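Each of the next two complexes has subunit A plus one more chain, namely subunit B in the first and subunit C in the second.
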Partner chain A sequence: MPQRRTLVASAIVVLLLALLPLSGSRYAVDLATEVLIYALFALSLNVVIGFTGNISFGHAAYFAIGGYACAILLTTYDWPLAVSLPAAVVLAGLVAAAVGYFCVRLTQIYFAMLTLAFAMLVWGVAFKWKEVTGGDDGFTGIKLPAMLAHHVGYFYFTLAVVAAGVAALWVICHSAFGLTLVAVRENAVRAGFIGVDTRRMRWAAFTVAGTFGGLAGALFGMYHRGMYIENAFWTESANVLIMVLLGGIYSFVGPIFGAAALHLLQTFTNQYTPYWPTVLGLILLVIVLVLPDGLIGLAARFKAHRGARRGRT
Partner chain B sequence: MKYSVILAALGVLGAGSAVAQQPPIKIGVLYPLTGGGAVYGVPALAGHQLAIEELNAKGGIMGRKIESIERDDKLNPATASSTMKELITKDKVDIVLGGLASSVGLAMSEVSKQEKVVYISTVPKSIQITTDKLHKYVFRTSANTDQEGDTMAMLAGRNKLGKICHLELDYAYGNDLEVGILKAMPKYAPDAKIVLTLKPKLGATDFNPFIPQVMAAGCDGVLSGLWGPHFVSWVKQAAPLGFFNKIKWISGGEVGSHEIAGELKGEYPDNVISNTYELWYHGNDPSHAAFQAKLAKKLNTQETPQWAALGYIGVMYTAAAMEKAKSTEADKVAEALEGLSIGTPVGKLTIDAKTHQANIGQFWGPMVKKPDRAYRMMEPAEYIQPK
Partner chain C sequence: MTAMLSIAGLWKSFAGFVATRDVSLDLAAGELHAVIGPNGAGKTTFFNLITGHLRPDKGAVSFEGRDLIGLPPQKIVRLGIARSFQRINIYPRLTVFENVQVALIAHEGQQWNLFRPGRSLHREGTAELLELVGLAAEAAETAGELSYGKQKQLELAIALASQPRLLLLDEPTAGMSPQETAATIASVRDIVKARGLTLLFTEHDMAVVFGIAERISVLHHGEIIASGEPDTVRNDAEVRRVYLGEHGGHG
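Take a look at the complex of A and B:
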């Protein structure tokens, strides 16, 4: 069970976010919606990266499947949201399970390459299946219930879904299952010796990641009222990977901070210069050279440093 | 007493400046400014800026200065969607222009529909923007794939092509252009037969698998949608085989523009008939010379790129619509744009009240060698405008 302190802190964060629309700034509400969606996306990827220790280079695939499926069910088939959204999430999870079945047979670079290959396959389907996905024109004009058509309504919807998603991921990652994953990450051979089916554990983690990635994708598509093949492209996978690395892979909340920092930085940079890739390159350099454990690691080190100094005086 | 006089004076001053200083009209614009699309986006933005500079020198729109807010769309529809929302909600722009890729144009149109802000699509050709996905607030001042396809079919008929090979890139623009051509073929070239259709990938650089197929098919003409770098690669690989000796190459995708002629120079092949929105060396309207001179000064080159005209026309339509509506309100500007005619460097244009499509034409003609030039030029350049 979560500690009382964690529960109170999370409740305060959600409450503060819920007050945001009172600021009256439409821009802030939209930006917060985007950050929430990316936070869930990054958090879902970290189940694979942080907890099983394997880098996935194709996480955008499940994001895109969730997004396209929800969009198509809502718009082409006119299904209600209460059915479309769960169906899209389940579909993303099923595809992740099928892909994961093959991917977890490999580790490290081979695992990363295989996830990338499957993701590009998804991209190919979205591109070629023009009648259903709209091809490279994208799938626009997604129908939404009137309640969610307003930006504040959609913000609260996103907040509720993301909060529920984060809570679910918290429970999963801190359960016996999550701790077993950490054991597999730290020493797969030893974990195997004490009777853990490491491959199955990693398969389950991959499926969980894909499922929540699909949820983030569905929220994204509805927010933009459109899904585009670019959302399935490897650059999107790389983007979310950088979010996770920036935040810190060894902490549960790290990816949330990474997603917020990277997305806000990208948005604000774009207001002044089109040369975001240069900034991104510098960020990557800093992560690799100075912040191997991300922003959370930096905060922890800072705290430890201060604690040590206080201890001396 | 003294203070109250000063306060009163300040009040008068304040009131005076409030009347004189109306807030500027904000025009938001998105073009690809980095990466592969920048070759088109940067010149389009130059034309956009030129128009705003000219208008501001004349006192702006309705006496209000124009503020230009320019952003990179990164050729990515999701980025364009977020950025356009930001322009509307944070910067409070009155109208949004631009886009280049079809998907970006459609994404921007979607935001325009949701936010009820006018969007003028200045470069995207996707037919959907003005058909299936048409709504009150979206307008287009560039050509569309139906217009381009119609002209290409007409040229196939005029050049008496019998057996035709059809080349399109396998993505939205190529597929849409193919539909446009096939629709118009029975009208202009009822006896012509398409004997081979090939669809290389977008971004393809190696056309060696395709070239022998076209040469073996025995067609007397090619209808092609291979634009920019695709056309350049095809020429470099096919011309040494004598490909262009017998085959007439009728191409959309603006490979008749000076940008392509200047890039290929002496390698530009014979028998090419293609299009361009604008030519720096030839105009169809008296105002073209002045426009081109100003653009040449701004870009510091005599041989100016065609895309600038599209950026320029978008701003000119914005100004004309706001002046006509006497307002910057989206509903009134949208109504003013319907059926609006303005003079542009490529002649008088009218936006259709129903389809929201401007009847912009393109220059079409054969690319010929000139004795005193290192590059080919279009001659005679015929301005073909949709009816």
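Take a look at the complex of A and C:
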């Protein structure tokens, strides 16, 4: 049964990650924390891209809402984490539902442009509402419970939350809902004629994506002890979009690999050269020209190729 | 007898071109009715008007007494009407099995279930439908890689999964070889009879029509020029002129 294999493989990955702090390297632990957060962010975006076939260009909006809301509730209002985090996630989901209501009326480039427009509005609010968000200076000095103040404690917290988030997304994407979404993506006309309200399905998917994007954002803000308007800017939306494309949109786990690959590449590149945007351009070229199905597609093709060679000899 | 499907005074034009001109048609429950006409006669437009894919400019369509005009396809399906398309309409990247499985999930209203694994649902029902249309052996194949005739059969299985009382098939044998055509027609007739369905289908191949239809309507330039039992229609002078004559008289 593939489900048991998935479960065992995931448990092994989580266990190996849990052992990472034993290495004693703060650098490794911090990097892993960032990769985990981006993996959840990318996976959440793929609910819209991979499962409904529409490209969102404004996913940073929900990341930022989750991040700012959690930060503000924790710090300005002094709410406990157990309330602030869920509240931030729910808020991100509600905003995604409101924005999605309009966006799912459109498809393709018009859908992408509308998601971008709403994301810029969110950025505008973060920028202008200085007394609440800190505006240009960012929102800094987030108060964290003592247990999470240490980088190892925060790593374990992130690992637990991301693992739960990924598990929840896995269940949703493989549910009857998820399978029907794929049908809508593949052929919306046909899906309508089997009795599916395709627009409402896409709306629900958009809301799910925003909710989990908000969770990733909340983790991100707390990790950095601050949220900055760049986190709401369209370049952040582009970044996560590239992670998804690099990993592969037609596979559930693809975006996780895309997020890890892109973030690690960016970190290492920045150590040697300030020309990360150039490198990013090259990566984009490679995706478009030779990796249309992303890294996961490449792995599948490699496997098929090896299988065919073995069959011949 | 009251009609199951009642179509009255249906009009549709596209940028001045009248595709459907004052079409009226009553369909009794259990009837096997064919709409024939040469390519471009307006058969597909007519179908799209009935199933909510297009909105007529004028006219009424009712199913079991309920007005269908303005209802979206997903609501019309839930009333008990399912359709296939002339140009193949499946989910090419899903497996044959999943193509039918999703239709059963939607029929049961389970598309909103975010927790139950989709691939574990309706395995028996899916297998039965695939068996019925002769695709049991191809269940695990990617739907887009099936032969053309088999994709048509798959569409039939998808339509049947919605448990319709009225089945609308748009050119069910278009693009098939003569052997495939004969097999498909026999299978459609058997399924429709066994399940007590009402069938409305469009077709341009006359041989197909006379092998299955109990009543025939002839569509020409968007207008029904004759309607009745096969023999009456075959001998209708107008029909012979505009339709049969064009095909060198093999009917």
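Keep this in mind: the second predicted complex is superposed on the first by the 311 of 313 C-alpha atoms of A that agree within 3 Å, B and C clash if a C-alpha of one lies under 4 Å from a C-alpha of the other, contacts with A are read in each partner's own complex, and residues count from 1 in each chain.
Definition applied: a contact is a pair of C-beta atoms (placed from the backbone, for glycine too) under 8 Å apart; a residue touches a chain by one contact, two chains touch by 3 or more.
Keep in mind that what you see is a predicted model, and the values were worked out from it rather than measured.
In the superposition on chain A, contact of A:P274 is made with subunit B only, not with subunit C. Contacts of A:D136 after superposition on the shared chain: subunit B is touched, whereas subunit C is not.
Once the two complexes are overlaid on the shared chain, A:D197 sits against subunit C while remaining clear of subunit B.
Look at A:G24: by the touch rule set out above, it reaches neither subunit B nor subunit C. Touch criterion met: A:E34 reaches subunit B, while subunit C stays clear of it.
Of the two partner chains placed by superposition, only subunit B is touched by A:H224; subunit C is not. The touching residues of subunit A, counted against subunit B in their complex, run 26-27, 30-31, 34, 127, 130, 135-138, 140-141, 149, 220, 224-226, 228-231, 267, 270-271, 274-277. Put simply, subunit C touches subunit A in their complex at residues 51, 53, 72-74, 77-78, 82-83, 85, 89-94, 98, 101-103, 105-107, 110-119, 121, 158, 161-162.
Those residues of subunit A that touch subunit C in the shared complex are 3, 171-172, 174-180, 182-183, 186-187, 189-198, 201, 204, 250.
Across the complex, subunit B meets subunit A through its residues 33-34, 71-72, 74, 76-78, 81-83, 85-86, 89-90, 102-103, 106-107, 109-111, 113-114, 126, 128, 133, 171-172, 175, 202.
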